[in-house]
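The structure under discussion is supplied below as structure tokens; questions concerning it will follow.
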């Protein structure tokens, strides 16, 4: 009977458990959970802070999930180290656990920049329930908060705090909001939303010091530009890095994250890594790198779990997918979306902007393939772009249509519920989207209706679809 | 229209009866009168008739024409025609006897004839010649109607109950080895003397119970072959069809019966290949000869007697055998009346002919198959 | 791939682009179940979309994938694959983060009209046939398992359509 | 367009209930004549009635029933002689100076003899038969039959058929889909007719546009046509079929040839007709190898030679005044089947003036041909198929009672799959996807659905025919053939009754 | 297999053709028919690669519906030679009657002498199936009527009477294909749907190819390609592929 050990208890761990149990109903599964909770959704904690979501809805999986899958969970324990030759894991409570297969799903850790005075009370990170509870417990004493970083976590935290009637100032090193997702033009839509909500933000500046009073309480932050902002608390949300601490010195290869092959196995046989801690193939960059997003973590866990239980599944690759909404501003993006128009000669950027409706669509194309997109406002059917990225389809035949017509049902069923207004001006020429120009490829996709698009289809250099049968299930 | 209502009756349909002695032992006319009269409920007094075979042994080789005339003028004209085309061996008025209910009748004459062979005809077929003469008289001479034209046989028919018609024609004075009889309940056609059964052509005599719904099709089919249906009744087509199929097309009698009452396609489709081909061909070629609608018929000729039912047996029909005699009738009681203890009594299958041939009859291959 | 799950398949040879499937879907999933009420008083939303390109169209909707992208991307577990194969969204759990919207490569998951929730084809659980399938006047949509449904693919790929 | 020619007075008006219009755009998308379009700023769909042909596609497809298509109410000043159509036609010709084209069948008010013939029923004396429980046979043989059979007993005493039979078509329902060419119709309709004929045990006719390769598998229920254009006529085409038909004329346009405009000749039609894409497909009025009856005989026997005498050869002629004599000649020329196409027959395209005023009714043609062939004693030599305006099963029954063996249905088949008789077949824009060859519009006709509808139609007719046979007391259709006594005329003149060979209603027998 | 010699004297065409069909089914491919006199439909509908030599006058509809093979007639042929033919080559060492090559879609007719009226009506081209009719002598009226494709070549080699090379109404209704006539043609004879164009080098190559084959077939008659080609040709093509597109009012 196999001994499975899973370090970490978030989405990668959950999907790994499911994948293992699909193949191996008997093997013993032990999960090392650093927190005293069942798996929950990290992004959701800002919703709880804002009061939009009750705390009881936080769990992603409940205790019953572990019971049904016969999983033993060791709560409040971290992985301290791994002895790969002994096939033993060292836990933070001093215990040792032997394993046949180990999954490292230890996630990421928030990055805290070296800022003077940052160590101490009233400075918060925001990735765990503990973080959230710490901040929530102090809310009564807080009037004004500086959020360092205008990324996903920063913006959602800022929104949550604003909803709790706190004054919020966002400080961002880059010149735009959501710098990983938006370019300057896209950012302006976000900025407008912030302006409307009365949230102040400082772009292109950074915090160089945290000023505290005698009691150690935070009173202000100092910016590089010299400006000082009065505040009672600071939230640091400048990013999350792969957590590689537990495997340092164990012989498991690490770059920025833990290095795995396309079966999610590390250089050590039987030891797998998944989720934010792992480095995996990015089909857009064409190289391995950490991709700290939820769906990829899920996929990692699924494939690692399947392979741990004796399957032969490959991780084809992934790319970051994001969706975020705050203060009435909604953006979705995937792949390379922040890249500017003239940044690289080989890259083509197509945009559609309708300021009045707050609609912004941008696609990034290189070598006739879609590499990324960003849609603000009307995000309906934006997933089709994701599909195009996955399929590596040649989009050169219809690229103009990409930004204009993707949500042409604009529309037949409009958001505001007003009477439909179809664009019939070119009635006989309605072309909704690129699938239409690929009937045969499309149909082929259809025969594999329920399968993964990236696994059942691939396109040759001319953009013609061929079926490669997807190496699955040994 | 001469509609003579003699008695009030409820509707029940026609009745028919036939007796054959296969050894040609003569049967007195009284027997058949008794048999048919037993089913008097089946008629309404508007028509009855008899056909007897072997009744004219003295003129066995001559065609015996029984002719009805409305008046003397018609007789004159007809006799002119007859003399022009035939040698008249003998002729006389048909002996009759007025009865209580039958006081008036057409003029009834009989002629024993031999054809005068025309000199310019290449292949002379005696029967065709006679048939044409019958058709000509019936079609062209107003008020004249040949109602019997076979050799050594005769039909006797008129408006009245079967017992009265028997009495009128003095049937009990005749002896025959094959008798058929009919009692009628006419509806579609007027109850006139010519409309009574049997219908005859040459020695074919047909009595019929039921209605031929395919009359229009059969009639127009026969017209292609020179038959003229002039009698305003459906039964005559049966006689002509039998004449066409058996005498002229030389079909085996049984096959002809299958043409008249053909099996259903669903049954044909299940037969072995050779039979399927045969029956398919019969229906293909003789579809217009199919008698559709309810019927039971007795077909008699100098070779024997055939009884036939429609393909779904919408009319009653019973047959019985006693020694050399074969009985066929609408009701078993009509048989029992004259043959109280038959050897065998059965109800024939729909569309399956019951054929009784004289033992000395040699009709060749065509009549090879018979039962009873 | 699970062949036993009934799904809605479009037959592109039969599609004439009338888009009555969209109308039917919108009606079925509105509170009114009446065409005029739906479109004048309701918030019409169709979960199927007819893709049209001059001489070619088909109705595109959720494939109820075996390994659904939307389920993988869902941070709350609201997007769910039922044991019967349907992929449905539990609206009371959904927080409207729209990760599912952006991850569905078919564009089949969309924001719900008038609510911060995701919305998608539910295969009309109350009906024998999904509304779109029933509404199609030309049987361009079939509701069946793939066991019975085999697409005939041409032997050789046709040249991709190049816009002139 | 500010200036309108006189001929553009709209014929139809489209009433749209804006309280019900949900602006779904279905009507806009479905209108192939560009009569309906969307006004983006008003958010309304409106109609240009000048372009409306009254095909009612939008009305049928509107999900809320907001549309009604009607003939215009503001016609010209009423004039019983110069009717609106006549006026419009004159305007149109004055505008364009051409031959006015039309499609479909004759819609003029000529006497419909079918409607003056009533069917006789049985009461009491000859019982009607219940077709639900009793057998009722419609199987029909089409082709030459011998006058008599020779049957002899073999050595085992089994009867044996000695006559060699001629090849015959066997139709389980005496209703056959009329010749309508691929080109005039699209392939979907051909597929539907072939599948329906196959399922119902009857036949369909390719028309003169040859047979698409995909439909070769339906050869056993296919009658192929050889017309003057000889499109796609090859030895294989003749051999794959169940029967071969020589098209001499068409009821809708006797003496007029066919003409498929080059723009309709696409890749598939080109492949099927074996002519280049885009080239006109002209069928001249006569076969240039038939200028006399003996030439017809030559072609009939050429086909019989090429098919090894295994298939019946049919000759289709338009019903004209001396049709009886022509039919007799055709029978004697060796044809196995004669098709009589009456003046009500449809067409994909014909000069309207010819469609409307040339030819005679098929009822008359059947009657005179059947009688003539019987008079000559050659009725067995040929089967007669009546075509041209058979509308329902009663027409079929009447046609057979008058003397036909079977019927062709063309317009009725098209109606079954959606045709609304807008008579615009020749435009190639049929909004119902029947007569168009635009592949996308043709999608509207799903061959599977169309076949089902055709099967339903034939099933319905077959049931009705069985009912009618039953009420006549007949249980096999051959007993109806030429049974004119089963028909009675109402409101016909003595001459008409004589020609039809029927008695007036009320006369017995 | 040895050639099969059939004496057709007094034989009804149905028997003769049945015999040929039966023998083809048995595997025979080469037939020599002696004493043919007017038997119709020889070769009708045959789809195998046969070689039929006919001695005597071939009857009407010679080679009708034929798909492949060769027929050589060592005498004259009657009407309807090559009717609706798909791909056979028919060589006639004499003259042929009316309506030859009607609806012909492929194959070749090589006629040594004159041909009758209405030659090549409704001939069609489809892809690489291009029917060719070459006539050594003169032709009657309606030459190439309704022609929709293929090639008609009229050589006028034996100018032995004063008739014009081709009759009246030349190529009426023509909407496809090409007609080459050796020598000049009086435009009065043209139908209204046809126009004269210049003979190009390409045309000459094509003509040379076809006429070489023709001369080869009739080598006993001393025909010479170069001599034939030395005279100029008149080339006729239709003015429109849609001759009757404009007569309708819509």
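Note that the chains take the letters A, B, C, D and E in the order they are written out, and that residue 1 is the start of every chain.
Here is the rule we go by: a contact is a pair of C-beta atoms (placed from the backbone, for glycine too) under 8 Å apart; a residue touches a chain by one contact, two chains touch by 3 or more.
All values reported here derive from a predicted model rather than from experimental measurement.
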Chain nearest the overall C-alpha centroid of the shown protein atoms: D
Chain separated most widely from chain B, comparing mean CA positions: A
Most extensive contact between chains (C-beta pair count): A-C
Relative to chain E, chain with the most remote C-alpha centre: A
Chain A and chain C, separation of their C-alpha mean positions in angstrom: 26
Intercentroid distance (Cα basis), chain D paired with chain B, Å: 46
Chain B and chain E: spacing of chain centres that average the CA atoms, whole Å: 67
Inter-centroid spacing, chain B versus chain A (mean Cα positions, whole Å): 103
Multi-partner residues of chain D (each touching 2 or more other chains): 22-25, 29
Touching two or more other chains - residue numbers and ranges from chain B: none
Residues of chain E defined as touching chain D within the complex: 13-14, 17-18, 21, 40-41, 44-47, 60-61, 64-67, 79-80, 83-84, 86, 99, 102-103, 105, 118, 121-122, 124-126, 129, 145-146, 148-149, 173, 175-176, 241-250
Sites on chain C touched by chain D in the complex: 13-20, 22-24, 35-36, 38-40, 54-57, 135, 137-140
Chain B partner contacts - residues on chain D that touch it in the complex: 122, 124-127, 129, 134-135, 137, 139, 141, 145-153, 157-161, 163, 165, 168, 374, 377, 379-380, 401, 472-476, 478-486, 508-509
Touch list for chain D against partner chain C, complex: 19-20, 22-26, 29-30, 61, 63-64, 433, 438-441, 443-444, 446, 448-449
Parts of chain C lying in touch with chain A, wherever the complex brings them together: 1-2, 5, 7, 9-10, 12, 19, 22, 26, 39-40, 42-46, 49-54, 56-58, 60, 63-67, 69, 72-73, 75-77, 93, 95-99, 101-111, 113-114, 146, 151, 153-154, 157-158, 160-163
